[in-house]
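Paired with subunit B in one complex and with subunit C in the other, subunit A is shared by the two complexes that follow.
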Partner chain A sequence: MSAAFHEPTTIAEAVAILATEPDVCCLAGGQSLVAALNTRSFAAPTLVSLQRIEELRGLRRGADGSVTVGAMTTHRDVARADCFQAGQEIVPQAAAHIAHPAVRTMGTIGGSICHADPAADYPGVLAACGATVTLVNARGQRELAASDFFVDFLTTAVEPDEMVTAITFPPMPEGTRGIYEKFCRSEGDFATVSVALILGMHDGRCAFARVALGGCGPTPVRAPEAETRLIGSRLDDDDISSASNLLCSRAAPQSDVRGSAEYRLMLVPRLLVRALDRARRRP
Partner chain B sequence: MSADIPIKLSVNGEDRNIFVTPTRTLLETLREDLDLTGTKCGCNQGVCGSCTVFCDGLPIRACLALAVTMRGREIVTIEGAHPGDMLSVVQQAFVDAGAVQCGFCIPGMIVSATALLQETQTPSDHDIREALSGNLCRCTGYAKIVAAVSLAARRLNGTVGGAT
Partner chain C sequence: MSEAMTLGTSLPRLEAAAKAAGAARYTADMELPGMLHGAVLGSPHAHARIASYDVSAARALPGVKAVVTGADIPQRRFGLTVADESALAIGKVRYIGDPVAAVAAVDTEIAARALELIKVAYEELPAMVTPEQAMADGAPLIHEGYAGYPKIFDCISSGNIMSLARISAGDAEAAWSQCDLIVEDVYETQAQYHAYMEPVAAIAEVDAVGRMTIWSTTQSVFRTQACVSEALGLPRGKVRAISPYVGGGFGGKSEPGVQLVAAVLARACGRPVKVVLRREDDIMTMRSRHPAKIRLKTGARRDGTILARTGDVIMDGGAYADDSPAAMTIVLHFLRGPYRIPNVAFDGRVVYTNKLRAGAFRAVGNAQATFACESQLDELAARLSIDPIDLRLKNAIQQGDRWLGGHAVGSASLAECLTKVRVASDWDTRRAADQKATTTGKRRALGVSSIVYTCAYLSTSAVVRLLEDGTVSVATGAVDIGQGSDTAIAQMCAAALQLPIASVTLVRPDTDATPYNSGTNASRVTYMLGQVIAQAADQVRTQIFRHAADLFECAEEDIELLPGGRVAIKGVSERALTFAEISRRAHFQVGGPIIGQGSYVFDAGKNDPKLAIAKGTISLEHIGTYVFGAQVVDVEVDEITGKVEVLEAWSAHDVGRAVNRQAVEGQIEGAFAQGLGYALMEELVWDDGQLINPSFMDYKIPGTLDMPPKFHPIIIENPEPTHPFGVKGIGEPPVIGVAPAIANAIEQASGVRIRRLPLTGERVLRALVTRDSRAP
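Showing the complex of A and B:
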């Protein structure tokens, strides 16, 4: 019932296998893929484990203030990293909320975003940060914006012969704060709804705002008009309420075990208020 | 059908040479190939935590790790989580606090609790509950488990006696 197994030690070796073998699947940390294999509900593909490719691990801060995270960097390592600055601290904050310690030991950022569960923690954060994803195949490499990477429910723009090698988070304006507000039924579950917020204030007015929702549609939800509505305002109740309405009009949540579509839409304004409060309260 | 792959696993300090199919999980290998049945199979989906073991000193889900990827890693199961025939401080605290009912979740609880206490000397009840949030117990209601971990922490710090 199981096919072949490859364990390359370089990216070049890995993409050579992806280019030639039919029905191959990359194995990252395995925290979603192995769970799926354990259901025995489909024939196992040929697995290409990326776990021995050292060049896919680690975080690097660029001279421009961007942070590049290797695709095989674990949630544990991202959660403990200290190279994220203004606004980008939302990334380790979200990583610390993924599942449980034992899952964070093995689970990776590349694996998580390639699985593209819209209720997962990273997709909304990548969207809010305007992160780019680096994809490589045997012929070369390309960069995709998060908004182009997440295509549909559990579906990304990764071609069958491609693999994700890194995610780059650009620098955010000085003084901005990143807040990840997650609402879930119990600690460690997927989000019912999550809000990823990066906020900058100047003289009591909002000077910078990026918001993305998780769990509110097949891909992370962004609403530039909601951000425009917040910027320049004093973030009064009216401002937040209007921005929430604009966000909700872009959201298309499904009803599932974590909550009905209607309930999710009710959560959006409440979570946005919490996120904005936290962003303004934090030192 | 592919041929089984030979691998050398280090389990509880011993090298074990076995053959595995690519999709055989570490959990299946531990229980069925190596007869280490202390590690339990609950959900086989990474949710219940009863298969939690140490890999290179950190807790992982044995059901979500393919055995074939574990070559060269140091695996420690509940059978190796204590010195010789003695119970570990954490295990003894679970006994003394009456934290065990049916016991099915306990091997995973011990591993997660031990991992917490390796990183945090004086965990609050909140820290303990968060660290064990990925380990489900259907008997106890968790209160005595949290008390046991707190007791183990205090014994390890030397603030109460009774450590083994």
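Showing the complex of A and C:
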């Protein structure tokens, strides 16, 4: 068992503990951390449970159309939320793909992104949306872009005395659509490869494109040059194929039990085609 | 008659409410006074000699009560077919995780810390992780002492090959020349984990006179008793084995789990010791389905008459034999499939490797054999331009035929099974339709397979006692491992005595209290227990009739049984006597308590060497009573990703007679799920001897959402003539044909034949890419 267990009821209390305790770790929904403790693959530090901090829960739509999600909001609540609009609907879509109902009822968005498993569903979606993560410590608050938040495999930019309090998804251009395309071995598995796409079309041409990959490297993969290649095009086979190549050249997948690196690279263009088809077909 | 009250009805499981409410106690739930907690240290090397141990630091840790290594235990070996295992490794380790030492401590945390303090010095040896490596010239021996190990069969071995076996009939070599078409290929299957819900667990206690009691999750209390007795050198009667509720087995708990470790720890510290494996350790150190590589060749006439088949099988047995030679015998016995093929020759080799042992697993050996056979049958059908179901029907075994070696085939319903799934799935219309890719890149088609298996095996016994109040107590050593046999046994006994189910109570398996049963495996429990329940109930009924005839002053032949525990003179039911009245008379006045008993050993007769020649196999004299089934699957292949989904399935099985219809449907559905996992996703993967996916995060089994949205179990009831209730087994048969049916559907949908399980998205997509690169 852990050395000590704290259950603060406010963010201020929580960061005060993080500032003073030496070897300390936040416990959110416990869907990864508790499993790791149980397998003894992770030596138990002092745990700070965030379960009782009400101000960390819930979703809020801003006047500018952004949506801010409290770190302790469960996947189930995100999947059922109706405050996401044009393009942002990829967020509840992805939340609904996470594991099983039991995990979605306990697991939280903050816990998931802090675990930073690149095969998880949120990291790629945060990257595609250009979301920002709010971090707090006893001295203050800072905002990090998703691209700066995910540093490496299971590694984030969160400092030992910091905690994530919220994730903000900016508004997407009107008329855009978000599509989350996930390939996994069985229902509820982590993604072998996932594609997060936000697409806007105007007069038969691509007007807006954001693409990010999950399961294709230590952090979510984004390739601005691939998005540039799509924008302005009619999304013909050539356009998609060159954009896929640009994406793949940024991907660095590893081979594991979910699939070989080569298979993952085979899946990227195929899933991108499917995501683009779905985005254009949807009413 | 009133048999209908209970036989065939979907009565709820006797223990359903207790399990649903969490009130049923499993081994891990038990606590004994003064009980300690055990933990096991596994080998970090795949193959190494143990040079020395240093356990002083572990012993010195406060709270540690015993530390035991292979040097501290009786230097004895045990094993079902070959006595090659010991409670803890003696002299050398043979796979990563092989138990080397064990600790008993006041809690699991201290036990785990003590393991870290044990120092073992190893001299590493070359690890052989594939059968090919183990069979290579000059490969070091995994079991140097193999020749001297006791064995239960006429074993032929060589190097690391633990068993060489052959079954043949007719003259296959001569028959090839009469064939118009011959197909030949290699089929490969993988290691599958049993994934029972309850990981292995055991509690051992030694009493004041040195008698050992073991509570454990097991498929046979008698097998547990035998192994502990052999490993510790104790007479059978000095070991008592009990099973609380068991959370699944699927073959993986036929042989010992952690009972022996608990036993040596309990002996070392003189206190009860509980050992419960974590899921990761269970996956790493228990057993898997045998990986197999099968070269199969089948020849037929142009009209579809199959004339000859040969097969050459290599199975990976892992570090210990367990039941591997028996598994190979089963493979060879079923490679002919449920067909009349006059000329066959099947060769098998089971090889030791430095990996987890392989062992019994729901339809052991048959699942591997049938993947090869039923895949190849479709390949043959395609080449002959014959409908796959027509080809199967043309060659199907019929009532009155004999199995290889002469076993009688009782009710042979393959044709009926095939016809049922053909009609139910609208096969003829669907297969005729062209498989065009849809706009979403998916193609859909039907596939079929048929299966044959057995459900009678070895021996069993039962005692039925009439209690003073007229209810009955049934004692059998058959462990209900979650499949529902307790309910089936109670239903059969209730039917035989025309009692309500509530009047029948089962005694929990306990070697002190219940008579011998070999084990819950081979789909045998309902068939075998039905035989002895009928005998025992008949003896009880005869004694009741004797009392009734005495009281009514009539002949016994004039007495009849009435529903609800009553007897009367035939036709005079208004003057009935109750079982309670008769039992009280027996207990307190005349004759003594009424007890019936049944004993039965299945005997299929000696192999007829004129019909088949078997060499190096386990005896097949005590296995038989053939069961048949067929399934059709409606499969969708996603040609973008290679992912395969089953949208609908029909699975038809001849169960002779369904004792509990809902339980039979549950077996068919559950087995389909396990077969689906085997077909599509389950595979234990090793990297240089290290198992890399020992968790449910990395090793995936199908969940509810992976099952076909529409599933149709089809029960066929042609009463088995050799059985008092007409029943046959259903535990394993429905798992066997799932993988080849899916592989056959994939070929029909997408034109690619995949001969290696599991049929992962990656394997399918690679095959599709190859197909497209060949397209004109």
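In this text, the second predicted complex is superposed on the first by the 280 of 283 C-alpha atoms of A that agree within 3 Å, B and C clash if a C-alpha of one lies under 4 Å from a C-alpha of the other, contacts with A are read in each partner's own complex, and residues count from 1 in each chain.
Please note the rule applied: a contact is a pair of C-beta atoms (placed from the backbone, for glycine too) under 8 Å apart; a residue touches a chain by one contact, two chains touch by 3 or more.
Every value quoted in this text rests on a predicted model; they were computed, and no experiment measured them.
A.B. asks: Based on the superposed arrangement around subunit A, label subunit B with subunit C as either clash or fit.
C.D. replies: Clash - subunit B and subunit C, as placed by superposing on subunit A, overlap.
A.B. asks: Of the partners subunit B and subunit C, which touch A:F5 in the superposed model: first, second, both, neither?
C.D. replies: The answer is first: A:F5 touches subunit B but not subunit C.
A.B. asks: By the touch definition at the top of the document, which applies to A:C25: first (subunit B), second (subunit C), both, or neither?
C.D. replies: So A:C25 meets neither subunit B nor subunit C here.
A.B. asks: Between subunit B (first) and subunit C (second), which, if any, makes contact with A:A251: first, second, both or neither?
C.D. replies: neither
A.B. asks: Can A:A145 be said to touch subunit B (first), subunit C (second), both, or neither?
C.D. replies: neither
A.B. asks: Between subunit B (first) and subunit C (second), which does A:R270 come into contact with in this model arrangement: first, second, both, or neither?
C.D. replies: second
A.B. asks: Classify the contacts of A:F183 with the two partner chains as first (subunit B alone), second (subunit C alone), both, or neither.
C.D. replies: Only subunit C is touched by A:F183; subunit B is not.
A.B. asks: Of the partners subunit B and subunit C, which touch A:H100 in the superposed model: first, second, both, neither?
C.D. replies: Touch status of A:H100: both partners.
A.B. asks: Using the superposition described at the top, list the residues of subunit A that contact subunit B and also contact subunit C.
C.D. replies: 1, 35, 38, 100, 186-188
A.B. asks: What residues of subunit A sit close enough to touch subunit C in their complex?
C.D. replies: 1, 35, 38-40, 100, 183, 185-190, 192, 256-260, 263, 266-267, 270-271, 273-274
A.B. asks: Which of the residues in subunit B come into contact with subunit A in the complex?
C.D. replies: By the definition above, subunit B touches subunit A via 1-2, 5, 21-23, 25, 44-46, 49, 52, 55, 58-61, 63-66, 68-69, 112, 115-116, 129-131, 133-135.
A.B. asks: Under the definition above, what is the set of subunit A residues touching subunit B in their complex?
C.D. replies: Touching subunit B from subunit A are residues 1-5, 7, 27, 30-31, 34-35, 37-38, 44, 47, 49, 51, 76, 99-103, 105-106, 186-188.
A.B. asks: List the residues on subunit C that touch subunit A in their complex, please.
C.D. replies: These residues of subunit C touch subunit A: 109, 112, 278, 280, 440-441, 640-641, 643, 680-681, 685, 692-693, 695, 697-703, 705-706, 760-762, 765-766, 769.
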